[in-house]
Amino acid sequence: MGSEPRTLAPPQRRSATVVGNEELGAYRLIAAHDRDGPADPRPGQFYMLAAVEGWGGRSDERPYLPRAFSYARARPAEPGVRLEFLLEAIGPGTERLAELEAGDGLALVGPLGIGFRAPEPDTRALLVGGGIGTAPLLCLAEELDEPRVLLGFRSGEHAKAARLFPDPGLATDDGSVGRAVLVTELLAEELEGGPATVLACGPPPMLEAVRAMCAERGVPAQLAMESGMACGFGACFGCVVPTRDGYIRLCVDGPVLEAGRLESAL
Amino acid sequence: MTELCGIELRGPVLNGSGTFDAIAARRAFGDSLLERFPFDAFVSKTITVEPREGNPPPRLWETPAGMINSIGLPNKGLEGFLASDLPQLAELPVPLVVSVMGFTRDELATLVERVGEREEVELIELNVSCPNVETGLVMGADPAETGRALERVRPLTQKPLIVKLTPNAVDPAAVAAAAETAGADAVSLINTLKGMALHPRTGRPWLGGVTGGVSGPSVRAVALEQVHAVAERVGIPVIGMGGIASGRDAWDFLAAGATCIAVGTENFRDPAAGRRIASELSERGPVPAGV
Amino acid sequence: MTELCGIELRGPVLNGSGTFDAIAARRAFGDSLLERFPFDAFVSKTITVEPREGNPPPRLWETPAGMINSIGLPNKGLEGFLASDLPQLAELPVPLVVSVMGFTRDELATLVERVGEREEVELIELNVSCPNVETGLVMGADPAETGRALERVRPLTQKPLIVKLTPNAVDPAAVAAAAETAGADAVSLINTLKGMALHPRTGRPWLGGVTGGVSGPSVRAVALEQVHAVAERVGIPVIGMGGIASGRDAWDFLAAGATCIAVGTENFRDPAAGRRIASELSERGPVPAGV
Amino acid sequence: MGSEPRTLAPPQRRSATVVGNEELGAYRLIAAHDRDGPADPRPGQFYMLAAVEGWGGRSDERPYLPRAFSYARARPAEPGVRLEFLLEAIGPGTERLAELEAGDGLALVGPLGIGFRAPEPDTRALLVGGGIGTAPLLCLAEELDEPRVLLGFRSGEHAKAARLFPDPGLATDDGSVGRAVLVTELLAEELEGGPATVLACGPPPMLEAVRAMCAERGVPAQLAMESGMACGFGACFGCVVPTRDGYIRLCVDGPVLEAGRLESAL
């Protein structure tokens, strides 16, 4: 991957066609055919999504703005690209997207943001995912050779997302699948196994634990973060997160950040 | 073609200040952004004399058919803007409007003078939606305060001055009239409506800045009324905005008496909204003489 | 139980004046309306001294997540109200609030005096969102004007006086403070935001009254900010309204400092909205101490 | 029918289930099972309708308010009633309703308003419908014995709604079906046939022509009118129409009015 892993997006919202929407435990895997988009988004980049029909009028008359989603997988399709998104329904926007059926229109802008950089030379890539943060690790794992993937989930239902990976280390809060520990404990053990680069995505507490652990051990880490977004391309200044050198817009300077830039990932 | 304060524009569609960062957008979209640039003139985000970090997050809240923002005018400050942003904005294929805000009349004077010197700049927009720290009055809410601000800066530049009005006033038309009398070349409105949201669990203010500004389709009816009232009162051109999301909306604002319109929040939903609205507008056909 | 100005209410949910006609609703729904009456206190539509026909149609326009109305205060006038409406409203199972508007201070005095004499009436709401034809100032937009109106009517009745504030003001909290100082027992807000719509074909004003008032979820964020600001400024109870459509919305207004909330436009979508919101509110659990 | 033909409505919005939605030329015939509503609405009464899901977020972020619809037919169903509405999609609200599928939720309040009164004694009932104004005449024709039904439509596609009636007099603007005249011309001819009561529903110009013709000939007429409504039960004062004795709220004092109360139906 290049120094700034960013594939440029067409400068307008376009309409893709939903080609699949399957349940995956607590999540949904939604596939769309994006005729007019680039076939080579970079792992960690995201798209702003909205349903073409019926975007609004749900709880509190929302949603209104598009929603940000990391792409989970991309496959060249003639023409364009087939994109897959892993989605957790937690509010009006994700609930609407979770209802999309094959043939429906999916409005999108992207790919956006800066993805994961290549691991440091001569280090093993350790991919750490928590919950829905698993999504961007899927395409990332495909690009790296023999990465070690460590995943943590709330429950067995959520852990079904792990099936998308060949042979991940697995932890669940309730121990229903894999070990009953936090995924960071799996990471601590792996870090004993020699030089590594950590590439992580998940909820803020997990990312902060990963950041602290890597900082302590001097392990290079990249964190794919989240913040509330309105536009996704630097227009609204709404998505800032604090870094050692001030606020940065996560949508144009992230969402993947070198852990060293952060005092905290919370 | 549209004429705004003596400047020829290829059309009537501007962006609302602070709703499109052409420099950041070029990073996301590359130069294809310039090939079919969405606006007929570009308005910069508001700059201040001193650099500002802006408000702590969260800065956004989605509302029914709109949003609240509490951004807090982050910007590099006058010098930073002139040194690093202006040269990049000068590469845009359309005329440049620079938006400035001063917390005192002296600050406003400094901004107008320094920005006015730069030939890359075609027009200057005065964002008067802030309290004058000396008088405590929100400049744009008080006709006299707005008049005094204009009288102070009017002699400092030949460039056309646009006054961006705040909707949080009893009678925006009276403020517009005061601005016209004091030498403003145009007015633009509306800025955001003051609003608030609470954290769903704690009931405490959601926004880092406590309160914020409401924008989007939910404010359109309010904006249209104010644009109509202002256009009836003043002779200078009016730039209308507030929830414009389609050519039909733009048509309404022009019918209400606006010379140009600006697209704000809709840019967030579609980076090409300006261009789309311009073509929908031409398809919709002629705008009747002002109502 | 909720207490409002010394009056016991079975709960905190009122209706916004002019958004529920209990007499007409009884014709449509029969006495089943009374068995499970949607509100804990009933606020009448605003009455004036003289009868009014109201504005010519069209009077309605739907907006994104809201609407504009230009009704024009049709009512039977003071005598007609006292003679034919009041006896029917007295049959409602909840305390009665009568809303009055005067175009002069004398008119306001007449209304307060005559309505205050009737024991069917528990509270009086002063709708001050209209221009004083003598001074030309919108009473509710100007603290001094509001104070003078209150000083005039305060001595005329023992009944609690609620001042209904207009949101079309620079600083509603200042108006509320002036009302409190002059003897108001409570304030209610927000009234509708001034707005406008154009005919889709002609581009001329759609509403018979040319401009109208915007209400519904689209104004909620603006209302919540004003309620929060007013509740921080005054010690008297605040009745919060503006786009409340769910128990969660009601919870927000109470968290912002309101003692009671009122349901307006949502009544049009569901005649039982008040009751539904009350039960959603109790399900949502305790409201944190005012923010 | 009683002196004020009004069946009372339950005092809340309730949810009915869509059981059918078929195309009928330019219109759609939507059937819903209203479990909790009265089985005996009166012809001319109406319901305020909204889709339970996805009411909003269409053109201009609308619809938001419910929409008024005369019921076209009602059949007792255990429990409650099966209601049919004839619908013309002309904007965001009717477009959304036209998309409803069997099983979807239909939010409704009603029956509302005052329906048609009984024809004057010893007169023939002449039912006159224009376009979508045909809807309330369907249940009305069922209640009367041997009424004469006269219908006018823009085109043959619209005229397909006439198939719902046994043997109507038919006129279309383009003459594609029935005679190429205005329906009021059919009415003029029928009025030669002796004492009649005219019961009409249709666009304002048609109603005004009917009103004027009947006034001239001293024929009693009832007109089912339309106006923009927000609530449907007298709460908003938005639906007023001018009458000889001032503005009246069409939703509580109408929608069916004695023609004599109007100076004009325009």
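To keep things simple, chains are lettered A, B, C and D as they appear, and every chain counts its residues starting from 1.
Basically, a residue touches a chain if its C-beta (ideal position, glycine included) is under 8 Å from a C-beta of that chain, and two chains touch if they have at least 3 such contacts.
Given the structure is predicted, the values throughout are model-derived calculations rather than measurements.
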Chains touching both chain B and chain D: A, C
Chain located farthest away, centre of chain D as origin (C-alpha): A
Whole-Å gap between the CA centroids of chain A and chain B: 34
Gap in Å, rounded to a whole number, between the CA centres of chain D and chain A: 53
Averaged-CA centre spacing for the pair chain C and chain A, given as whole angstrom: 48
Residues of chain C engaged with two or more neighbouring chains: 63-66, 216-217, 248
Chain D residues counted as touching two or more neighbouring chains: 56, 60-61, 63-64
Touch-based graph of the chains, sorted into line, ring, star, complete or other: complete
Of all residues in chain C, those that touch chain B in their complex: 61, 63-66, 68, 138, 141-142, 168-170, 193-198, 200, 202-205, 211, 214, 216-222, 224-226, 228, 243, 248, 251-252, 255-256, 287-288, 291
Parts of chain B lying in touch with chain D, wherever the complex brings them together: 65, 217, 245-246, 248-249
Touching residues (chain side chain B, partner chain A) in the complex: 18-21, 23-25, 27-30, 32-33, 36, 38, 45, 53-54, 56-60, 62-67, 69, 71, 74, 216-217, 265, 267-272, 275-276
Residues of chain D that touch chain C when the two form their complex: 6, 8-13, 50, 56, 60-66, 109, 112-113, 227-242, 246-247, 249, 252
For the chain D and chain B complex, residues of the former touching the latter: 60-61
